[in-house]
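First chain A sits with chain B, and in the next complex the same chain sits with chain C.
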Partner chain A sequence: MSTATAPRPTIDSKFVLPFMNATRDVFLKMAGVTTTIGKPHLKSDTNAGYAVCGIIGFSGQITGSVVVSFSDTAAEKLVEAFAGVKLALTDPDFADAVGELANMIAGSAKKHLGAVASISTPSVVIGKGYVVANNRQIPCLVIPCSSPFGDFAVEVSVKRSPAL
Partner chain B sequence: MTFNLEEIYQIASTIWETAIGLQIEPESQDALASIGNRPRSTAACIQITGAWNGAILLDCPVEVARLVASIMFSAEPAKVTVADLQDAVAELVNMIGGNFKALLPEKCFLSLPAVVEGGDYSTRIPGSKLLGRACLCCQGHPVSITVLEKAVNQAAAA
Partner chain C sequence: MNYLLVDDSRTMRNIQKKVLSAVAGATFAEAGDGLEALSVIAATPGGFDLMIIDWNMPNMDGIALVKKVRETDKKTLMIMATTEAEKSRVLEAIRAGVNNYVVKPFTPESLMDKVSQTISKAKAAA
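Moving on, here comes the complex of A and B:
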């Protein structure tokens, strides 16, 4: 059960910068979109966020997940910039593109985390009124981002695995 | 890789009985249609990387998630929080993934489960192909377990 006395989670600051840089680089190089990275903050609520999410899992010396989430309009425009073609939210290629963006951000960041880790195939969730749950043992840091096409966020919830 | 749905059913049945003391039974594939029509559901996905790459997706109605959480955390169903039922379904898919991993070649790693809870949403695993989907029944509610394998990019593999 939930306990009110759980210690406040912390996140290794070394894990933050690689994701900020990777986000900026991927959108600039792959979609030609300049993004502005906001001040990261710990995720403190479980309210429903954006409508489109790409989720990547980490395993190995780093465990956890990264969620790249967009509003539906921002996702449509960013995917169009990335894929070069307008895709509807219901198009299977749209989910592929969102997954690929998440995959590239996680893959690019992974190279700079200083650990041997594998990243999973992306999971993509599209809809309304849903919540992507975070592991309560790992803090979740939200990196707010903005672009000319709308706001989005990168949620980083990873830790160094003690078992490896 | 090939496997049959019976293996998934056996894994699920063992976990349901040993971890939460509930029965789970095979359901007709027709029941899968109703899963997408539920007002609220909880989906948990665990990814497997290494010698085999793929994912296992557990999808169940919130009623089952609440029941599992109440048993797992010894709480009354009405007092189970959203976080509790997310943890419970994450633990279930983690156990399913762990058992499924035993069927795979060495060496494979499990990711932490990703859990989505809500109403009107769909989940996709791009770049993967469906290996099988087991439709099960728990306390009268349909539960599905989907196994997906990462599709090999033939161009990249060549």
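Moving on, here comes the complex of A and C:
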């Protein structure tokens, strides 16, 4: 008797490099911060890695989402470097800045994905213990990043859609 | 120079303001989307010298705003500042009537350069 097992989800490696380059580029150009990219790995649970995250959805020939998540201390310092002013986590401009960073990473990566796709306006979550419910059919790849202001992660969960 | 900054991110508008304030005499109005921009334009009889416009915004996006403004105003300088970097998008914006295009992320120097280029080119053509 044999048991059928579901195929292990995989992510197209062509999707990884654009997000790595976009992350480095956005923080360097917009915040003057050099980031170091760690080894990407498949995410095995639904828990968010950090307490602050910006979420962007993709639609069109690429579907899915990208989540940029930070510890609250890293977020505060990176947002200060980006916005040029210190903002409290509760300030609406703080969420705006996190969303714009996520927007630029997604938008910048999109150019190199080789597909026609649209990105959503950003959503921002601030708080611990939330769950990002990604589409189960799309694996999520975590790109760990470090900066002088603390660690953060870019979670990429996208796939190429059938021809429209 | 009288600027209208149109972007749904207030942080981005503040960054642009900070960069462009380096040149004396700059004044600014702001809008968070295309519809708000049209209201600001309507309420500003003297108009604006230069508009910096994001593409992806709620309510009315940047490309729709450019087309709407160009229906009646061929003079105001417009720069699209956006993450939309594909060639097809740049061409679409140019066809719609923008004078220049800045891809986000940008350095302060590259934004200033694009603005200076745009103004110089307009002066030379006048």
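Just so we're on the same page, the second predicted complex is superposed on the first by the 156 of 164 C-alpha atoms of A that agree within 3 Å, B and C clash if a C-alpha of one lies under 4 Å from a C-alpha of the other, contacts with A are read in each partner's own complex, and residues count from 1 in each chain.
One rule holds for everything that comes next: contacts are C-beta pairs under 8 Å (C-beta built on N, C-alpha and C of every residue); 3 or more make two chains touch, one makes a residue touch a chain.
Computed from a predicted structure; not experimentally measured.
Of the two partner chains placed by superposition, only chain C is touched by A:Ser108; chain B is not. In the superposition on chain A, contact of A:Val124 is made with chain B only, not with chain C. Which of chain B and chain C touches more residues of chain A: that partner is B. Using the contact criterion defined above for the overlaid structures, shared-chain residue A:Asp96 touches chain B and also reaches chain C.
By the touch criterion stated above, A:Ser59 is placed in contact with chain B alone, chain C being left untouched. Counting contacts as defined above, chain A residues 96, 99-100, 118-119, 121 meet chain B in one complex and chain C in the other.
Contact residues of chain C toward chain A in the complex are 8-12, 14-15, 18, 56-58, 82-86, 88, 103-107. By the touch criterion stated above, chain A contacts chain B in their complex at residues 1-2, 46, 48, 55, 57-60, 63-65, 67, 92, 95-96, 98-100, 118-133, 135-136, 138. Those residues of chain B whose C-beta lies close enough to touch chain A in the complex are 45-50, 53-55, 73-75, 81-84, 86-87, 90, 109-128, 148, 150.
The touching residues of chain A, when paired with chain C in their complex, are 25-26, 29-30, 82-85, 93, 96-97, 99-100, 103-104, 106-108, 110-111, 116, 118-119, 121.
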